[in-house]
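Take this structure, written in structure tokens, and hold onto it; I'll ask about it next.
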Amino acid sequence: MAKYPSQPKHLTALELPLPPRSKLAPDLQKYFAVCDAKIGFLPNVLASYTFDEKKLRAFIGLYNDLMLEDSPLSKLEREMIAVVVSSANRCYYCQVAHGQAVRELSGDPALGELLVMNYRAARLPRKQRAMLDFAHKMTVAPDEVGEPDRAALRKAGFDDRSIWDIASVAAFFNMTNRVATAVDMMPNEPYHSANR
Amino acid sequence: MAKYPSQPKHLTALELPLPPRSKLAPDLQKYFAVCDAKIGFLPNVLASYTFDEKKLRAFIGLYNDLMLEDSPLSKLEREMIAVVVSSANRCYYCQVAHGQAVRELSGDPALGELLVMNYRAARLPRKQRAMLDFAHKMTVAPDEVGEPDRAALRKAGFDDRSIWDIASVAAFFNMTNRVATAVDMMPNEPYHSANR
Amino acid sequence: MAKYPSQPKHLTALELPLPPRSKLAPDLQKYFAVCDAKIGFLPNVLASYTFDEKKLRAFIGLYNDLMLEDSPLSKLEREMIAVVVSSANRCYYCQVAHGQAVRELSGDPALGELLVMNYRAARLPRKQRAMLDFAHKMTVAPDEVGEPDRAALRKAGFDDRSIWDIASVAAFFNMTNRVATAVDMMPNEPYHSANR
Amino acid sequence: MAKYPSQPKHLTALELPLPPRSKLAPDLQKYFAVCDAKIGFLPNVLASYTFDEKKLRAFIGLYNDLMLEDSPLSKLEREMIAVVVSSANRCYYCQVAHGQAVRELSGDPALGELLVMNYRAARLPRKQRAMLDFAHKMTVAPDEVGEPDRAALRKAGFDDRSIWDIASVAAFFNMTNRVATAVDMMPNEPYHSANR
Amino acid sequence: MAKYPSQPKHLTALELPLPPRSKLAPDLQKYFAVCDAKIGFLPNVLASYTFDEKKLRAFIGLYNDLMLEDSPLSKLEREMIAVVVSSANRCYYCQVAHGQAVRELSGDPALGELLVMNYRAARLPRKQRAMLDFAHKMTVAPDEVGEPDRAALRKAGFDDRSIWDIASVAAFFNMTNRVATAVDMMPNEPYHSANR
Amino acid sequence: MAKYPSQPKHLTALELPLPPRSKLAPDLQKYFAVCDAKIGFLPNVLASYTFDEKKLRAFIGLYNDLMLEDSPLSKLEREMIAVVVSSANRCYYCQVAHGQAVRELSGDPALGELLVMNYRAARLPRKQRAMLDFAHKMTVAPDEVGEPDRAALRKAGFDDRSIWDIASVAAFFNMTNRVATAVDMMPNEPYHSANR
């Protein structure tokens, strides 16, 4: 039977001139080499941005600050938000890539599926459920978010710094989901089978 | 790291008296043994219905007619409809179980993911895309389905018997999705890792 | 003035070869004769399925189990669920046929209208209102149904067996509504004037 | 069996001091007497407004202009718009009262049901279907109505004066539906059985 | 840079024969002269109706009763409802005209913007917030309004007469918003800069 | 009458320790001084981020790349996208701030209002309308964006590089709208009266 014929072969649906990696600035080449080493491949989202180094750097700058820097939220919590937001927006790229991250960081393959499919079906601690409810509402009804929603987070045990980070991570994936879908960005195939 | 802690342990959230399999009618015991042999386990949906043999038989009767009997639709096509409908309704059980069926029948792990996550991102033949568009519209806007939608299926190459089957399969999962979510039915764990 | 010109004349919009009743299996002929006697005519939904006796039997099997077998829910309660679900999905066939059933079983013509038009306007006992709220939510927001909804049913006085039946009946009409609308099934005209 | 227990007994859910008809201004008493004679009863909507004669007069003024004055639209067409709008808004009072008007003016009991339940299921001339599509879109997505929608009406044979009247009638019932539901206004019972 | 090129130049998108003001009935000419004096110009909505004096009078009759007559609601409160409803329906004409009225009556330019953009972001007394929540729900989910919503208004301090007026004003703008958008009615330009 | 009482006085609803500007890194102090000089004040969004210089820099980096760097889209076009997206999400901060930018860059006060209130009412060149339709659909139905939408942009005259920028700007405001609403960020008051 055919292997992966249903996933489009392109990086994105746009024709943009992507330079070979050897033509990128040295620090970017080095950054990509770190990706190769840690992830095993260069995530397609990064390759997609190489048509413009300034845009690539701006994206990396924001991504790394939100997902990798110190935060009251664990990396798993941030990835859980990423998947719930991406599921609500039905972004294929981000559900694949961050679903894998949740499976890896949690050691719980079902958790990745639950958050992709319907996070409400998951058995979660109240605090994490409150966090995901807030991220979900921000995604599907941003105009209705208000003080009662912030109060619910505080009641669940989050301080204001944590609320900022929940909001920022959920908002970030509302951005990247839309870029990825708008340009039909395709995820790297190894994500599919990893950590199952 | 914890193994499957996020998926609830119960069969369903309802307390219904389930008899041991050895107390079921002999033909049902035999049917379940066939499931064990072919699938490797008894799907939880069947176990859930054992509190009432009449209900179990009625469910099996309709399921088998729609999914296993002769039809102008292939078994894979019927499973693809199952996943797209279940994704639109965000039914955890059905996305897990029928996502696995799509992976198995297609030999294309990404296809299962694409249909769970956003079927519009898949590269599909026009005919199958038309079929899924119809099933999706039936699910999310049943009141708006009309002659133009049937005409689109005919134009894509489906005859009226095929339209009946597309409609029936899509409608069936609109039923089972709702039962499964309403009672919080949990899928068998082996589905998660199969055919990745 | 014209009589019923606005309701299409067909059984369904699909061209499927329907045998004369005299060619059906004897037990089905007998079943249809019982319908004639009890209802005064053969419901079009049954006629629609005669192109395939297996499908007809599977449909009858499930329908009869859910709507006519013993249940903690009365037949009127099950018909009330049928109408509320069919109204939410705006299925013409099912609102006509089950609206009549509600009028007949309740002896309350306005109740049929209320459930077709907006069940929230009806003066109902709290228990029946809770039942209809659950069925309605299952219909329009199946992904959001969860433990708080089941808890509301329990608080209203339903046990778990009743919850299964509410869920199953509501889910069943989410199936039949979609088949009926997808194939443009038309109801028998006598329903309109009965029990007014 | 109980007669009409499900329809609330009140005129509206608000406690407003309604004078006896004999205390109203003579011209209003006369107008109400004409209603009695022509309809057989005083529509509850008029009774509801008697707490303030100015409001009653303003309502009658607009209603009569739109529904009874000369217009390129027939009275039946205007009532058809009334029912489709009221169905989209699920206003119990207006669906009951104007559903009866459609049955009476058309001599087609099924037409009243079709427009209450799902106007898309009705077999209608293209022109009337275009009219109802416009009225429906104005109701459920007023922000999206634009030049293409007006062009569709013109193509169906309506001139600009007709478009004004379609828009005005559809808009009027978007008002009255909301008043009626907001105050839980109940329709006169004789509507239910009339013209079946 | 061009002045107001983005706002269409027409009064409405319909070609309806509008007489010169000098041909209108004397009382209407006098009414329009009062508008000129008080507002500084004749609101385009009134000019739009001059093709039919009966329709113009019916509109003025209802408008003046609701917005200018005695009511437990202040004129500012009624204008606040007008803007919140018009924002939910995204009616350009009414947001411009009544947004200006809110700015003028409140002396608070930000209030007009808040109600146009998202009334939930405004710091309002609980009573006014409850009033706007009711008007908003009537607009976007009229079928879901019921006793709990009326109870919330009563708890916030409104009596039944006030509830009638809140409902009537909110409903009225659900009418006028739809007429204005359906015919693409354009607001007078001076509204834009007034009371900033 | 009170001046601006309806707009909350806080910068955001979160208590985060904001240092005095004099304690920021010199380059940030200089950047803020440029804001003071060019805009007349420091936009509150920048002040909000000062609790963490890394986050502030990441935000500035992405913002400046998207809104100020070379692009096939003019600065006005990018601000128009910002307002249409912010209107769809009903973000108060962003509609105020970027509505002002549209008024300033276009010299057309009505354009700012049109894009805040309902961009469909604006008279725009086909190309800009196509751009805003794409940005709007990305915002409200991101899962439905696909090849036909990209094709519509190409047909309107945009090349693939432009499509990337439209997508990126629309996506960016889907992020910032959600951060701003989630933390209840308030805009600087001078925006309200500028360029009217």
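Which chain is which? They are A, B, C, D, E and F, in the order written, and residues in each are numbered from 1.
Basically, a residue touches a chain if its C-beta (ideal position, glycine included) is under 8 Å from a C-beta of that chain, and two chains touch if they have at least 3 such contacts.
Every value quoted in this text rests on a predicted model; they were computed, and no experiment measured them.
By that same contact rule, can you tell me which chains touch subunit A and subunit E alike?
C, F
Going by C-alpha centroids, which chain is farthest from subunit E? Tell me that one.
B
Farthest from subunit A in C-alpha centre terms, which chain would that be?
D
How many angstrom lie between the centres of subunit A and subunit F, each centre taken as the mean Cα position?
Distance between chain centres, rounded to whole Å: 23 Å.
Just the number, please: Cα centre separation of subunit C and subunit E in whole Å.
Centre separation, subunit C to subunit E: 44 Å.
Which whole number of Å gives the spacing of the CA centres of subunit A and subunit B?
28
Using the touch rule from the top of the page, what residues of subunit F touch 2 or more other chains?
Residues 90-91, 118, 143, 146, 181, 184 of subunit F touch two or more partner chains.
Which two-chain combinations qualify as touching?
So the chains that touch one another pair up as A-B, A-C, A-E, A-F, B-C, B-D, B-F, C-D, C-E, D-E, D-F, E-F.
How about subunit A: which of its residues touch subunit F in the complex?
Touching subunit F: residues 13-16, 51, 54-55, 57-59, 61-62, 65-66, 69, 89-91, 134, 138-139, 142-143, 145-147, 149-150, 160-161, 163-164, 166-168, 170-172, 174-179, 181-184 of subunit A.
In the complex formed with subunit A, which residues of subunit C make contact?
143-144, 146
Write out the stretch or stretches of subunit C touching subunit E in their complex.
It comes out as residues 118, 120.
Which subunit B residues qualify as touching subunit A in the complex?
1-8, 87, 90-92, 95-96, 106-111, 113-114, 116-118, 121-124, 181, 184, 189, 192-193, 196
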